[in-house]
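Note that chain A is present in both complexes that follow, paired respectively with chain B and with chain C.
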Partner chain A sequence: MFKYILKRLFISLLTILVLVTIVFILVRLMPGDPFSSDKLTPEIRLNLERYYGFDKPLIIQYITYIKNLLIGDFGYSMKYVNQSVNSIIADSFPYSFDLGMRGLSISISLGIVLGLIAALNRGKSLDYVSIIIAIIGTSVPDFIIGGLLQYFFGIKWGMFPVAQYKGLEYTVLPSIALGFYTLAMVSRLMRASMLEVVQQDYIKTAKSKGISKFRITYKHQIRNAIMPVVTVLGPTVASVLTGTFVIESIFAIPGMGKYYVQSVQNLDYTLILGMTVFYGAFLVIANMIVDILYGMIDPRIRIAGR
Partner chain B sequence: MDKILEVKDLNFSFKTYGGIVKSVRGVSFDVNEGEIIGIVGESGCGKSVTAQCIVRLNPEPPGYFEGGSIKYKGKEITSMSDNEMRNIRGVEIGFIFQDPMTSLNPTMKVGKQIEELFVQRKIYSKQQLKEKAINILKLVGISDAERRYKQYPHELSGGMKQRVMIAIALVGNPSVIIADEPTTSLDVTIEAQILDLLKDLQKKLKTSVILITHDLGVIAKMCDRVLVMYGGKIVEKGLVDDIFYNTKHPYTSGLLCSIASLETSKEEELQPIEGTPPDLFSPPIGCPFAARCEYAMDICYKAMPPEYTITNEHATLCWLEHEFANHVVFPCKRILKEEA
Partner chain C sequence: MVKFKKIISLFLIFVMLFTMTSCSTPGEKSEPAASNEPSNEVNNEQSNVSTSEQTEKKVLRYSLTADAPTLDPQLMNSIPSSTVGYHIYEGLMRNHIGEILPGMAEKYEISDDGKTYTFHLRDALWSDGVAIKAQDYEYAIKRLVDPATASDYSFLVTALIKNAGDINSGKMPVDELGVKALDEKTLTIELNNPTGYFLSMLSMSQLCPVRQDVVEKYGKDYAADAEKNVYSGPFIVKDWKHEDRIILEKNPNYWNKDEIKLDEVHILTVSDPMTALAMYEEGELDFVHVPAEVLKNYEDQIIYYNDGANDFIKLNMDGTSELENRNLRLALNYALNREDYVLLSSQGLYQPNTRYVLPQVNGVEKNYSEEYPYEAFPVNGDTEKAKEYLAEAMKELGVTDPLKIELELLTTDQERTRIEAEVLQSQLQTALGITINIRQVPYKQRLEMESKHEFEMVVTGWVPDYPDPMSYLELWPTGSPYNHGSYSSEAYDGFISEALSNTDPKERMDALFNAEKTLLEDGGIIPLQLRRNAMLLNPKVKGFETYFVGINFDYIFADIVE
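Right after this comes the complex of A and B.
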C-alpha cells in the first residue's frame, strides 16, 4: 500500500509539471499582456517588464518559474500590487474551503440518503420526489438557485442573511446553493447504483440465508453500491472546495473563485498559473484520496494496487 | 420414506411490460427425506423458477403465485410472511446458486458470509461462529480453512467459491438443499469434484437434495428420481432408470439423443431437437412440445395431454400413451449410467 501511494505521488507530481508547462505556454499565447490594458508610459512599461523578467527569453522565465515553484513560491501578482500569489491564495482559499466543505458534507450525505430512499421506494411517490429534486438540481443553474434562496430565505422570510460571510448563519444559503448540484448528481448516481446492485446474484444469496431485509440493504447492497459515487467525488470535491466564481460573487464571499476568473480577464500571468497549479494539485490529491478510499471499500482493488 | 416437501399444481407467473409470462404451469412433485431428485430441462423451461418458488426467492413483484401449494413439513410456504420465510431460508432449506463467481458478495470476507446465517439468530457466540464456519469450510474440502476464512471471494478459485457456496447452504444444517445448476459455470474436472462432494455430504448429512441441471449425465450420476421439465410443465417424471431405459416422452428421448457419448463416432452427427421452446407469453393450448415433436398427432395441438401413470413412480404427459395412439419406440436409450 505504501509503495502504491508513493508511486501515485510521483505520477501526481509529473501531472502537475505537465499542467504547469501547458498553462505557462497557453497564457503567453493569449493576445495582449498584463500591462496592455493600463495606459502606461513606455518607460514605466519597460520597467515593469524588466521587474517581472519579461525581457528574458521565455525558456529562462519558465525555468525561473519552476525553480520558484519547487520552493513553494508562486511569485507576485501582476495586477494586485505588492501581493504575492501565495498571500492571495492564503487569504481567499479558507473561505472557499470552508464554504465548500459545508456544501459538500450536506450534499454528499443528503445525496446518498436521498438516493437510498429513492431506490428502496422505487416507483413510489418518494422516488418521484427525489427525481424532481434531482432534475431541479441538475438543470437549474446555481446562480438562479442562489438568487431564489436569497429572495425567499433572506429577504421575504428574513431567516438568513442575504450575503457576506461572517458567521454560521451566513454560511447556510451559499452552502445550499453550492451543494445543490452535487446533491442531485449523487442522489441519482446512488439510486441507479443501488438498483443495479439489487439485481446482483449475491443479493439473492444473502436472501437465501434468511437474513433480514434491513441487513441485506446495509451489509450487502450499500457498500457495493457506493463505488460509483466515490468515483465522481474526486473531481467534484476539488472543484467545489477551490471555490466557484458565481456563488462567491452572488453572496459576496471573498473566496478564490473571484480571483481565478479575474486573473484570466486581467492576464495576470503569475496568478493564473498559481491558481491553476493549486487547483490542479488539489484535484490530484482528491483523486488520490478517492483511489485509497476505493481500496478500503472494495478489496479487489486493494490487491491490484499493491 | 417421509415426504418432506410437497409441491401441488404450482403456478407461477411474471408480470412484464410484454405481458404475463407463465413460467411454471401446474407443476406437482414430492421430495422424500434423504433423496436426490433431479430437475432437467433446457433454458427457460421453468426449472429455476420452480426451485426458487420453494424458498420464495423469485422477485415478487413482478412474479406472483397464480395457484397451487408448496408444503414443507406440512407447512404451507406460499402464504408465509417475510418473517416466517426467514426462518425457513438457510436453516430449513439451503440454496446453492448457479454462478459462484457472482453469487458471493465481493466486499465481504468469506468467513463472514458463512457466519451471516446465524448472526441475527443469536444462537452462537462469536468464537463459536468462527469455529462453525471453519469446520464447515473443512467439511466442504477447503484446505487451510483458517486462512480462507479471512479471505475475500476474489482470492479464491471458481471451484473453491462453489465450495464456499455449498458451505453457506450447509451451515444452517437444512433438511433440503436446492442446487440450481451448481456446476454449470465450472470446468469439467471441477464439476466432477463438486458433484462428488455434494453426493458425499448428502449421504453423510442425510439431507434431501433438489438438483437442477440441463445435463443428463449429471442426473444419471447423482439422482434417485428425475423430473423432466418443458414449457413450464413436468412432461415426464420417474426413477432414473425409468427415464433412461423406459423413456415415455418424446422430449426426454430428444434430450437423450442429443448427448454426445464416448461411443459416438466422428462421422455420426448429433441429433439436436429442432425448433425452439414455446412462447410462454401465450403458451399453446395443447402439448407445449407438439410443434417440435416428430410424433405429434392432431390431438396434441388441441388439448393438453393428461398425466399417464406408467408405474407407481413413472408418469408422463403425452398423448402417445393414450390407448388409441400408435405405439412408438423411441430411438435413443443411452447407457449413461455406466458411462458416468
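Right after this comes the complex of A and C.
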C-alpha cells in the first residue's frame, strides 16, 4: 500500500509539472497581454516588461518560475499588484472550501439516500419524485437555481440573507444551490447502480440463504452499488471545493472561483498559473484518495503490494 | 467489513461537522487585529439598524462590481482603486466634484510664467501620528515616475512635470525630476508648460504622498492589507478582505476632521448587479446601480450621472483601408442615427454624442459644452448628405458598387458590445449599402490590436484624466502614442501646440475648440455615446456626490441624516 501511494505521489508530481508547462506556454499564446490598457504608452510598456522580467527569453522566465514554484512561491499577481498569488489563494480558498464542503455533504448524503429510495421503490411514485429531482438538478443551470433560491428565500420570504458570507444563515442558500447538481448526479448514479446490483447472483444467493432484507441492502447492495459514486467523487470534490464562479458571483462570496475566471479575462499570467497548479494538485490528490478508498471498499481491487 | 463501517461513520461525522457547526464560516474569523472592537460585522450592521440608546455610528454602505485591485497610490490604475484612494490619501489640493479646495497645501504660489508651483504645507499627521512632510510628496511623485516602479499611470505626469518623460524612459536619473522639497513644509513643482488644470489633478491618488519608511518596510506587499499602510486622508482603511469588503473609518488625525461626518464606509464587492440591487432593497446598501434591463421598475427614483466614459469609433487612416478617404469617413458619420442607436443598444441609458470632447469638462468659466456648443453631425443622422459623401468617396476610390466597400468593425466579446456593433452594422449597411463585418475578440486582445494599429474600425472609448478638453484632444496629434488611427493634420497639430503654450485661458480654450472641430470635420473619429449610470440612493444619505474624472464617487463630506 505504502509503495503504491509513493508511486502515485511521484506520478502526481510529474502530472503537475506537465500541467504547469502546458499552461505556461498556453497563456503566452493567448492573444493580448496583461499590460494592454487604453492608456499604455510604449515607454511604460517597456518599464512593465522589464519589471516582470518579460524582456528575458521565455525559457529563462520558465526556469525562474519553476524554481520559485519548487519553494512554494507562486509570485505576485499582475492585476492585484501588491498581492502575492499565495496570499490570494490563502484568502479565497477557505471560503470556497467551506462552501464546497457544505454543498458536498448535503448533496452526497442526500443523493445517496435519494438514489437508494428510488431504486428500492422502482416504478413507484417515490421513484418518479427522485427522477424528477434528478432531472431538474442536472438540466437547470446553477445560476437559475441560485437566482431562484435568492429571490424566494432571500427577497420574497426573507428567510435567509440575500448575499455575502458572514455566518451560518448566510451559507444555507449558496450551499443548496451549489450542491443541487451533485445531488442530482449522485442520486442518478446510485439509482442506476443499485438496480444493477439487485440483479446480481450473489443477491439471489443471499436471499436464498434467508438473510434479512435490511442486511442484504445494507451489506451487499449499497456496498457494491456505491463504487461508481466514489469514482466520480474525486473530480467532483476537487472542482466544487476550489470554487464556482456563478454561485460565488450571485451570492457575493469572495471565493476562488471568481479569481479563476477573472484571471483569465485579465490575462493575469501568474494568477492563472498559480490557480491552475493549485487546482491541479487538488484534483490529483482527490483522485488518489478515491483510488485508496476503492481498495478499502472493495477488497477485489486491493492494489499492488500487501 | 469493519473498515467499511468505519468509512461510513467517518463520513457521517464529516457531514455533521460541516452542516452543524456555525462558527467555522471563514467570514467570521480573523477580525482585523488593528481594531479594538471585538464585535463582528453582523453585529455592527444590526446595531446600525436597531435604535439602540448609544450614539449610532454613521455608516455609508455601497457595493462595487469589482474590488480595488490595489490601494498603493502610485500603482493604482482603475476607478475602483482611485475612488477609495481619494478618500484615504490627501493630495496637495482637493478636487471636490470640480471645485478646487485646499488639501495638504495651505496656500500656493504660481510663478509668472505659469510653470513653477510652490506649495506651503499645513501641520498635519499621518494616521500613525508621524508628521506629514513635503518630502513625502517628493518621494511619492518620484516613485510614480521612476521606471523601476513600473507604474502604468506614470503617463499622467510624463509630459507634464519637468524631466518626467526622460526619467520614465530611463534616459535621466530620478533625482532630476522637477519636484523638490525645499524644507519640511515647502514643495516646488516645475512643469514643462503652463498648465491651468494642474491644480485639479493634485488630488489624484497617484500624486498623493507615501512614506518612504513604510514603503521600504513592506516592499512589494506595501498597501496589500489594511495594516501595511499609513493614511493621510479623511478616512483610514480599518479592514480589507480582498474581493469581499473594504471598511473605511474616520481618520482621527485628519487635519480637517471636523468637516467629516461619516464614521465608517463599508464598500462591499458584489459582482452580480442584480444581487446588489436586491441588497439595496433589503436595506443592506445605501447606494446601488440599476442595470439597464430593469430601469423601468425604478423610473421615479433613479438618479442619473455621467461617469466620464465617452465611446466612439476609432478609424484607421494609415492607408491600409478605404478609411484613408475623408469623404468616406464623413459618410459613415452622417449615416448614423445616434438617437436610435442608444435606444436600441442601451435602452436609452447612454446618451447620444455628436462631438468628441466630453461636454462636462471645464471651459474657461463654465463647462466646456456651455461655452462651446457644437453638434458636428445631426443626432438623427442625415442619410442624404451621407450618400453624397459616399458618392464622392466612391469616385475618389474608383469604386462603382458600394457593396465593394467592405469594412471590419472590431469590438469586444461581451453581450453589450455585440448588440452595439449589430446596431451600427445595420444602420451603416442600410443607409450606405456598404458591407460591415463585425469581429468580436476578448477585451485585452482588442486593446492590443488597437495599439498595434491592427484594425479598420474599432468601438472604443476614453475617460478623462483631468477636467480639461486636452485630456481628450491629446490623443490625436501626429505621433501621439495614443493616436492609433494614424490621424495626421497640420491644422490640428497647430491648434494643440498653441493650446500648450498659450497662457491666456480664453485663447487657449479657443484653440482647443478649433482642434476638436478640425478633428470632427475630417471625420477623424465617429462619436457615439456618453455613458450614463442609473443609481438609487438612500434618501437619508446627504452629500453623496458623483464625478467623472478619476473617481466615480465623492463622499468625504457626506452625512447620514435621520
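Operating definition for what follows: the second predicted complex is superposed on the first by the 301 of 306 C-alpha atoms of A that agree within 3 Å, B and C clash if a C-alpha of one lies under 4 Å from a C-alpha of the other, contacts with A are read in each partner's own complex, and residues count from 1 in each chain.
Criterion: a contact is a pair of C-beta atoms (placed from the backbone, for glycine too) under 8 Å apart; a residue touches a chain by one contact, two chains touch by 3 or more.
Quantities reported herein were computed from a predicted structural model and do not represent experimental measurements.
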- Task: Using the superposition on chain A described above, determine whether A:188 touches chain B (first), chain C (second), both, or neither.
- Result: neither
- Message: Quick check on the superposed pair: does A:165 touch chain B, chain C, both, or neither? Answer first, second, both or neither.
- Response: second
- Message: Per the contact definition in the header, classify A:213: touching chain B only (first), chain C only (second), both, or neither.
- Response: first
- Check the residue A:200 against both partner chains and state whether it touches chain B (first), chain C (second), both, or neither. first
- Task: Once the structures are superposed on A, label A:297 by its partner contacts, choosing first (chain B), second (chain C), both or neither.
- Result: both
- First, second, both or neither for A:224, with chain B first and chain C second: first
- Overlap the chain B and chain C contact sets on chain A and report the shared residues. 219, 223, 297
- Item | Residue numbers on chain A that touch chain C, as the complex places them | 30-44, 46-48, 50-52, 76, 79-84, 87-88, 91-92, 94-95, 98, 101-102, 105-106, 108-109, 147, 150-151, 154-155, 158, 162-168, 170-171, 219, 223, 249-252, 254, 258-259, 262, 265-267, 293, 296-297
- Note on the structure: Seen from chain A, its contact residues with chain B in the complex are 200-202, 204-213, 215, 219-220, 223-224, 297-300, 303
- Query: Residues of chain B touching chain A in their complex?
  - Reply: 55, 57, 82, 85-91, 94-95, 97, 99, 102-108, 113, 116-117, 119-120, 152, 154-155, 165, 168-169, 172
- Residues of chain C defined as touching chain A within the complex: 1, 3-4, 7, 11, 14-15, 18-19, 22, 24-28, 40-42, 63, 66, 69-72, 75, 77, 147-148, 150-155, 158, 165, 168-170, 220-224, 241-244, 268-272, 274-276, 278-279, 281-282, 284, 441-448, 451, 460-463, 465, 481-482
